[in-house]
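In the two assemblies presented below, chain A is common to both, partnered first by chain B and then by chain C.
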Partner chain A sequence: MDPMIFDLEKTPLREVNRTLHRLEAGTVQIQNPHGKHSVAAGLRTAIKVYINGHCGYYAAGMNQLADVVINGNAGVGVAENMMSGSVFITGNASQSAGATAHGGLLVVTGDAAARCGISMKGVDIVVGGGIGHMSAFMAQAGRLVVRGDAGEALGDSIYEARLYVRGKVASLGADCIAKDMRDEHHAELRALLERAGYDDDTADYTRYGSARQLYHFHAGNEY
Partner chain B sequence: MCGIVGLHLRDPSLYPRLGQLLTGMLCEMSERGADSAGVAVYGDPVWSPPGHATVTVLGPVDDLAIDEATIISLGATHVVHAPMPVDALLAAVRSQLPGALIAGFGEELTVLKDVGHPRALAAGWGLDHAQGWQGVGHTRMATESAVTPSGAHPYAVGPDQCLVHNGSFANHATIRRHLKARGVVFDSENDTEVGARFVAQQIADGRDVESALKDLCAQFDGFYTLLVSNRDSFAVVRDAIACKPAVIAETDAWVAMASEYRALVGLPGIEKARIFEPEPERIYAWTR
Partner chain C sequence: MSDGLRESATFDRATIHAIQRAAATGVYDIRGWGAKRALPHFDDLLFLGASMSRYPLEGYREACGTDVVLGGRNAAYPIHLDIPVTIAGMSFGALSAQAKEALGRGASEVGTSTTTGDGGMTPEERGQSKHLVYQYLPSRYGMNPDDLRRADAIEIVLGQGAKPGGGGMLLGQKINARVAAMRTLPQGIDQRSASRHPDWTGPDDLTIKIQELREITDWEKPIYVKIGASRTYYDVKLAVHAGADVVVVDGMQGGTAATQDVFIENVGIPTLAALPQAVQALQELGVHRQGAKGVQLIVSGGIRTGADVAKALALGADAVAIGTAALIALGDNDPRWSAEYEALGSAAGFYDDFQDGRDPAGITTQDPELAARLDPVEGGRRLANYLRVLTMEAQTVARACGKAHVTHLEPEDLVAVTIEAAAMARVPLAGTDWIPGSAR
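Let's look at the complex of A and B:
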């Protein structure tokens, strides 16, 4: 079957999204997104969508099952609240990439800005470059892999997500600490890198996670 | 919310298209703020002819009688230019129109702003015919002060200076009191005006834009993406938290900034531009 092609210079975005929501299978190409918001948001079936150009806010948000490729940069909140499937970005992502996402795989080939993986709840995120400040804030579950550096306050108030960073971390947030890389962590990291198309030496990475000191009230937390 | 756009042209062959490009950028940001809008244009040969000073006045100018002055009326906004020093024209306008709102003044700068939808305002000003080497625009969604012409951006409170803001300053009342104690006079209750007066004060004290903005980052609390322009410069800064969006694009022909990428889509050569988001508390500045 030939792929469906939509040109957002000619077809209104709502019409395109409505069509995508009704598709059960197939491949779709979307041309000229021109920074529009909510392109390919709310997909619920195992379709393949290529967005050729830079997207605005919330691209591929709430994704379920679909595989979305953005050939360009993504704006604020790409793949926010993703449940499953995958979102692959060839360029950079703005802030809050993968925010609150429950599942699936988000790959950002370039850099991701501040608050990457904020409140992540089970998603796997692999960033080819660096991430900005306050990333993985209140991260609850899932894995975040960063091949470059991380900004200030990484993993502030983190719960049980696991963070793997190859480069420098500007600073760690409250209750986030470096942890040992055991065999299972090397294996987990290797599998994530492979899924994202990278072949790094996992020995170059440091694992970060929760010190679990904020879970319960204790007098030391008083002001 | 609010939207910011700015375009600093490097290639003189684009100067005739400044207004057209700026109009497209401004109108694309209408959804980020549609209660007021404003622009600053540097170097328009009609509004700011070489050798003339320009002062923009909001409100009636019937009582204005200045020798050799030309008044261009664009709805409620009046562009007044005359072959005299900026200080002299500004003093004449202020003495003849006491209490009038002055939107901006300078040798190269024309500022137009008002309450209304950005698209309607741009059409009324004939913005798409403007020419020049630099332009700035703002679409306002008011949060900190009333929807009035004096609350609209840009704030152009020093000669050829202009500041637009997306965000809100938390401690503006404190800094306003400090500036008032130094004799600074304000036109509005707007938080952004405090930022603009602060920068103008620093520049008047002999500081450059970059060091003025470093001081602003140290003293102002709140959310901000700022675009600050001057007779020879174009600068962008975001607060440490960097909640308010900003995208910069750069080619050999121009530097552009906008709240969102979609405002930059119509620029010539955008597909080959270097596109990036400014980092928090880092000052990005370009000079002519």
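Let's look at the complex of A and C:
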């Protein structure tokens, strides 16, 4: 079946998204996004969507089941709150990539800016380059793999998410510590890298996670 | 106690106890409820009933409408409520599933809406709520697009009156397996909710966020923006510019399930001070009381009686929201649990340790035995009764002022009995034409 093609210079975004929401299967090409926001947001079926160009905020936001490829850069909050499926970005991602996402796989081939994986809730994120400051802030669950360096305050107030970083970490946030890489972590990391199309030596990576010292406030009302 | 003893106004018994508590424990006090301090409020306003110059409606016989349409500005399906009293956002987690169900039942029985909270949507409340508003909070706990589509409206929460600028917390004793799973958190930990949204900052970003939520839901749902009352005039203007269909303003008397006492009592402004600021902002933007195409204003924080409802509408609100009062209607602080309140170091009428999860009334708890004390059907019936009384009281006042609809009440129908209330509400001091701060 030939792919369905939309040109965002000619078809309003609202019409494109509405059509995608009702599509049960197939492949879609979206041309000329020109930095528009919310391109392919709210997808809910196992369709394949190729966005050929740079996207604005919230591309593929809240994605369910669909496989989305962005041939370009992505703006703030790409794949925010994704539930399942995948989002693959050939370029760089702005801040809050994969924010609060519950599931699925987000791959950023280039760099991701600040707050990558903020409040992530189960998503897997693989970043080919580096990530900015305050990434994985309050990260609750899921895995974040960084093939480059991480900025300041990585994993601040982290819960149960697992972070794997190959390069340097500028600083760790509150309650985030380096942890041992056991066999199961090497296996987990290897599988994640393979899914994203990489073949790194997992021995080059360090695992980071929660020291679990902020889990209780010690704020009694017994007096 | 001797008659000659004089209590310090500065160091009263509650203050002395707070110092002693801090000295003994080294931790600050976390509690529920809203501001307990005395504040200028709707009690400080009075209605000018009809007489020679105004023509009243006949009570019981002449119609006085109470319905309100919310969110018609952009949404394909605005919400049409039968009464202008809604149920404010309260989370499953802070409240038991039975309490959430009871709120849904009560609200639906009288044709109004209820609201989720920080923790996602439960089947119990969706199933029992004819009109359900789904909150979109910084934590995004339980947030998912299926529930977004199941909702009747979306409320983007920037803050709440009890703690503008603060995040949320839910202590570990209330994080049972179900609550933990809904929030993707370990069971039993003290849970924090962020104070800022994770993927947008400021009004320009909010505009784009609202567009995203509209795109995901195919422009069907009304989108509310809720703010805690502080810089209300500016916040309302920015919310409208960002595309809100409905603005919700929560004053500092608005309740919380768990917040530092110092925050509750010292941050934010009273509902009475916030409301006229919000109305001014809407008026200047030309969207106040413009029918379905306008931006509606919902006000909350200390609404207790039909008089409060009528006064809020007269000052320009399109509807009000209740939280604390709704819980009381369900059975919170009921004297039947006096012995148990006292065993917890509190008393019926004073209990505010909603964070502790040991609520004898079974409302602010996740303890299965305590929660089972609240019958959702009976609780819903009590809430529906209370909502009917609020509505009838508001109608009574509106008819006395000659209004065929409660939203026809206007500031001209009001006077204030204190200078502070006159200045905040921008209505004359009773018996004068003086509005402090306004040119005569």
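By definition in this document, the second predicted complex is superposed on the first by the 217 of 223 C-alpha atoms of A that agree within 3 Å, B and C clash if a C-alpha of one lies under 4 Å from a C-alpha of the other, contacts with A are read in each partner's own complex, and residues count from 1 in each chain.
One rule holds for everything that comes next: contacts are C-beta pairs under 8 Å (C-beta built on N, C-alpha and C of every residue); 3 or more make two chains touch, one makes a residue touch a chain.
The structure displayed is predicted, hence computed values, not measured ones.
**Student:** Quick one: is A:H185 in contact with chain B, with chain C, with both, or with neither? Answer first, second, both or neither.
**Tutor:** A:H185 contacts neither chain B nor chain C.
**Student:** In the superposed arrangement, which partner chain does A:R147 touch: chain B (first), chain C (second), both, or neither?
**Tutor:** In the superposition, A:R147 contacts neither chain B nor chain C.
**Student:** Which partner chains sit in contact with A:M83 here, chain B, chain C, both or neither? Use first/second/both/neither.
**Tutor:** second
**Student:** If you tally the residues of chain A touched by each partner, is the higher count for chain B or for chain C?
**Tutor:** Result: the larger residue contact count on chain A belongs to C.
**Student:** Touching A:T100 in the superposition: chain B (first), chain C (second), both, neither?
**Tutor:** second
**Student:** Tell me which partner A:G56 touches in the superposition: chain B (first), chain C (second), both or neither.
**Tutor:** both
**Student:** A:H133 contacts which: chain B (first), chain C (second), both, neither?
**Tutor:** Only chain B; A:H133 stays clear of chain C.
**Student:** Applying the document's definition of touch, where does A:R162 land relative to chain B and chain C: first, second, both, or neither?
**Tutor:** Touch partners of A:R162: none, neither chain B nor chain C.
**Student:** Using the superposition on chain A as set up above, list the residues of chain A that contact both chain B and chain C.
**Tutor:** 56-57, 76, 95
**Student:** Where on chain C is chain A touching in the complex?
**Tutor:** Against chain A, the touching part of chain C is residues 20-21, 24-25, 27-31, 139-140, 143-146, 148, 169, 171-172, 183-186, 189-190, 192, 194, 198-200, 205, 208-209, 211-212, 215-219, 353, 355-356.
**Student:** Spell out the residues on chain A that touch chain C in their complex, using ranges where they run on.
**Tutor:** 13-14, 17-18, 21, 37-38, 41-42, 44, 56-58, 61-62, 64, 76-77, 80-81, 83, 95-96, 99-100, 102, 115, 118-119, 121-122, 137-138, 140-141, 157, 159-160, 215-223
**Student:** Residue numbers of chain B touching chain A in their complex, please.
**Tutor:** It comes out as residues 242-243, 245, 260-265, 275-277, 279-280.
**Student:** Taking the touch rule as given, give the residues of chain A at its contact with chain B in the complex, in rising order.
**Tutor:** My answer: residues 34-36, 54, 56-57, 73, 75-76, 92, 94-95, 113-114, 132-133.
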